[in-house]
Amino acid sequence: MSALRKRTYEILDIGKKQDKIGRIIDIFLILLISLNVLSVILETLPSLNEQQRYYFQLFEIISVIIFTVEYLARVWSAIEEQDLKYHHPFWGRIIYMLTPMAMIDLIVILPFYLSMFVGVDLRFMRVLRLLRVFKLTRYSSSMSLLLQVLHRESRSIGAALFVLFMMIIVASSLTYFAEHDAQPDVFSSIPAAMWWAIVTMTTVGYGDVIPATVMGKVLASMISIMSLGIVALPAGLLASGFSEALRQRRRTYEKMVDMAVQDGV
Amino acid sequence: MSALRKRTYEILDIGKKQDKIGRIIDIFLILLISLNVLSVILETLPSLNEQQRYYFQLFEIISVIIFTVEYLARVWSAIEEQDLKYHHPFWGRIIYMLTPMAMIDLIVILPFYLSMFVGVDLRFMRVLRLLRVFKLTRYSSSMSLLLQVLHRESRSIGAALFVLFMMIIVASSLTYFAEHDAQPDVFSSIPAAMWWAIVTMTTVGYGDVIPATVMGKVLASMISIMSLGIVALPAGLLASGFSEALRQRRRTYEKMVDMAVQDGV
Amino acid sequence: MSALRKRTYEILDIGKKQDKIGRIIDIFLILLISLNVLSVILETLPSLNEQQRYYFQLFEIISVIIFTVEYLARVWSAIEEQDLKYHHPFWGRIIYMLTPMAMIDLIVILPFYLSMFVGVDLRFMRVLRLLRVFKLTRYSSSMSLLLQVLHRESRSIGAALFVLFMMIIVASSLTYFAEHDAQPDVFSSIPAAMWWAIVTMTTVGYGDVIPATVMGKVLASMISIMSLGIVALPAGLLASGFSEALRQRRRTYEKMVDMAVQDGV
Amino acid sequence: MSALRKRTYEILDIGKKQDKIGRIIDIFLILLISLNVLSVILETLPSLNEQQRYYFQLFEIISVIIFTVEYLARVWSAIEEQDLKYHHPFWGRIIYMLTPMAMIDLIVILPFYLSMFVGVDLRFMRVLRLLRVFKLTRYSSSMSLLLQVLHRESRSIGAALFVLFMMIIVASSLTYFAEHDAQPDVFSSIPAAMWWAIVTMTTVGYGDVIPATVMGKVLASMISIMSLGIVALPAGLLASGFSEALRQRRRTYEKMVDMAVQDGV
């Protein structure tokens, strides 16, 4: 029993990938998660017929069963982790169940079981099913790297966002005062002008709201030129932080290889 | 009296934040300023009814009273500042009242009192009330950092803007000559073509003005490809200057910690 | 015969450009390839008359003949290459024929001969003819440099693309749920919303699909601001990798010149 | 006479700016050029009346006279330059007249005199008058710095543009084949599709041409994501080159100051 639990833990753990069965299970789960996300996306197509909807439902049931087995196996084998705090048979599993990844594992299967007993809003269920995409983060280090960069650069990115936020308020207010009389329907209020300001400053430029007066066009020209610099600030900080973190990770990895080689000698 | 003034100064000063009451006052003022900005924005919603307008007005009156008290307290306690030039009971306060932050503090409350005696344009008053957003810069160092970067890199950003300005003139003139005959209504003059050129070169691309002739489209293609490089110049300079200044500030901070530690030893 | 083969190899080889005839042949081929690409592009113009179509066809036949001669000459002289693996009269040429560049040389002339015997789809043939543009990569090192950078930075660019891909899914799903009821025609399904999400996040912003509800606009605003940072990640990594590779190539070149100078001494 | 010529040269020369009269003349000329550019732009406004047009014409005549005097003074005093090749009374002036800046000085006044004798196309004359904006480059070092960067980075920017150019051809051709049947009017030919491809890849996104088929939308999505990286290449290279050149110029300037100080000691 204990040997089986240890084996289960080894198979499900991401770190030890010399394990062949573990690798196959990983690839199978990545494929299953990807197909689940694809199925949530495709299910919204209005052109689906009855039979196709049936197949999607069938796939959903099978997926939930597999994800449930995966979840139970993870909780069951959690006490095999090296970290001492997981070692207690009961509390160790509770602690594991409260980790973010285990929470996601639970949330993405729970609504299925709930819908058997209570009527759950279909739209809400779909959003929860879509959260399965975050199960992929277990297999990808880039997402956690980005979160790490966001955390480390949070002060400077926050500063850049504050400047951007101030500029959006000033830009939208001034343009509102310039355009409100000429286009009372589109520039009906400052919140409406903020929609225009954001669409313009991010250079998306849908063209649904366009200043019509000379004053408004002069303001819009100045805003779009100035925003080029302001908008580049958070993007630049995030990009340089991300590329810095990638370089650091590569260096750490090389150091570990170096140390392993020296240890061997 | 003098002790109370010293205490008032300590509470309102941003630098000394071990002070608990000072912190609470800070957070209260930040919240009040934010709510004021929000209220100016929301007041423009056309869907508001009489009662809601009444609450907004009430909130405005209360805010002005608080900001007035804050302003008077700041002027009164200004002579407690370490800088010698503020120490004279009369001239010190006058000098303080002429600092940019104190000017803003005054400007954002003055129109309220003026409107009691003289008829003031409602739109103009709203713009002045919106300036309250700049009171936030006292609590944020990012805005002052950006202004500092703009000052330091002003020559190089100015150079990049000059190149951009030349290119806008040349691009709009050439496109005007190419498109004026085909679309005399939209490309009616070079200033009209400049609106198109700026919208295109900043890659906003509303789609309200689009070249129709082959010549105009070839010109627009060349301009939009070239502008990618030209437009990136000021943005790149500002972004690198900002990120450099952030790094420098962090280093200065670490040095200060180091010195404090060494002094302790 | 062997001397002629050696001379042919020298003329067609890109590396040795002290050769005057080789240079002329190179420029002639670059011009011919460029004219071919131009002709495929111009042939689609609906305003062409019968005679012009005839000239295009004539040019196509002449081009195919020249490219065939070029291909045969390359295969014939391939065994003159310094690399030993090409030296065998039969297998050496087979190995050469399987290199990517030789494959492209064959693919861009093959459909012409095939169409003589079998009916080939005209559209498919045009796509294959357009592939001739890739023959230019033989004369340009920038394309191979970019592929090299893509290969070296593939892990980090892949990581950035994974984050972008996750964000597109989450953004399109949330906006679909917010907008589907208000605009069932445009936000008909999540795949339809993905089209909107990609157009918005890349800041292209055609304006064919625009959120209409307040919730949708708030989501779109947050998405477009966040995407500025996310979208800058792969672009930034590629740009810095490319500029790094260019710097490295320049340094390598300078080292080679240095060594040549020292050898001379 | 010779003293007057030397004085004229000193006043018109940009380098020696301790000269007070020279400074005033400079500012006057910069203002005059700026007003000339503004006048060419404003003259195209259709709302001008007869009298306003008369004032513009008067200003044009006065400007041409001043620019003519400036040009003659420059040619006359050119032989005072330190460079030996300008010293010959006749050939020196001819050599000076062939420098790019002197050519521009001549071109922007010539059409005025020509129009007295021959009928010159009004549109063509306006374009030539607009060239006066380039007279400003004499007073700004940023334009020449940009040209210098473009020259030095020409190989790498050319490489990036070549990749961009290949991608535009491939993207427009594929989208043409995917969309031609569904939208024969907008995707009428590959050149028409190239207009779409450039507008999309530069993220301008007017919205006048939008793919309608699923295949076309998938292609457009991939193209717009890929183009983010490709389009960033030339922009990044230019921006980093420009910022590098600015840093270098600052360092050179500081070195010159250092040397001057040491010489003083």
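We call the chains A, B, C and D, going by the order they appear; numbering starts again at 1 in every chain.
We adopt the following convention: contacts are C-beta pairs under 8 Å (C-beta built on N, C-alpha and C of every residue); 3 or more make two chains touch, one makes a residue touch a chain.
Just so it is clear, the model here is predicted, and its values are computed rather than measured.
*Asks:* Matching over half of the contact pairs by residue number, can you pick out the copy of the B-D interface from A-D, B-C or C-D?
*Replies:* C-D
*Asks:* Can we say the copies chain A and chain B touch using the same residue numbers, with more than half in common, or are the two sides different?
*Replies:* Chain A vs chain B: different; shared/all numbers falls short of half.
*Asks:* What's the farthest chain from chain A if centres are computed as the mean of the Cα atoms?
*Replies:* D
*Asks:* What rotation angle superposes the Cα atoms of chain A onto chain C, in degrees to the nearest 5?
*Replies:* So the angle, rounded to a multiple of 5, is 90 degrees.
*Asks:* At what distance in angstrom does the C-alpha mean of chain B lie from that of chain A?
*Replies:* Roughly 32 Å, centre to centre.
*Asks:* Roughly how far is chain B from chain C, centre to centre by C-alpha average, rounded to an integer in Å?
*Replies:* Each chain's C-alpha centroid was found; their separation is 45 Å.
*Asks:* Tell me, which residues of chain C touch at least two other chains?
*Replies:* Residues 194, 203-207, 231, 235-236, 240.
*Asks:* Applying the document's contact rule, which stretches of chain D touch chain A when the two form their complex?
*Replies:* 203-207
*Asks:* So in the complex, which bits of chain C are touching chain D?
*Replies:* Of all residues in chain C, those touching chain D are 37, 40-42, 44-46, 123, 126-127, 130, 133-134, 136, 140-143, 145-146, 157, 161, 164, 194-195, 198-199, 202-208, 231, 234-236, 238-240, 242-243, 246.
*Asks:* Spell out the part of chain A that touches chain B in their complex, as residue ranges.
*Replies:* The contact residues of chain A facing chain B are 156, 158-160, 162-163, 166, 169-170, 173-174, 176-177, 180, 188-191, 194, 200, 203-207, 210, 217, 221, 224-225, 227-233, 235-237, 240.
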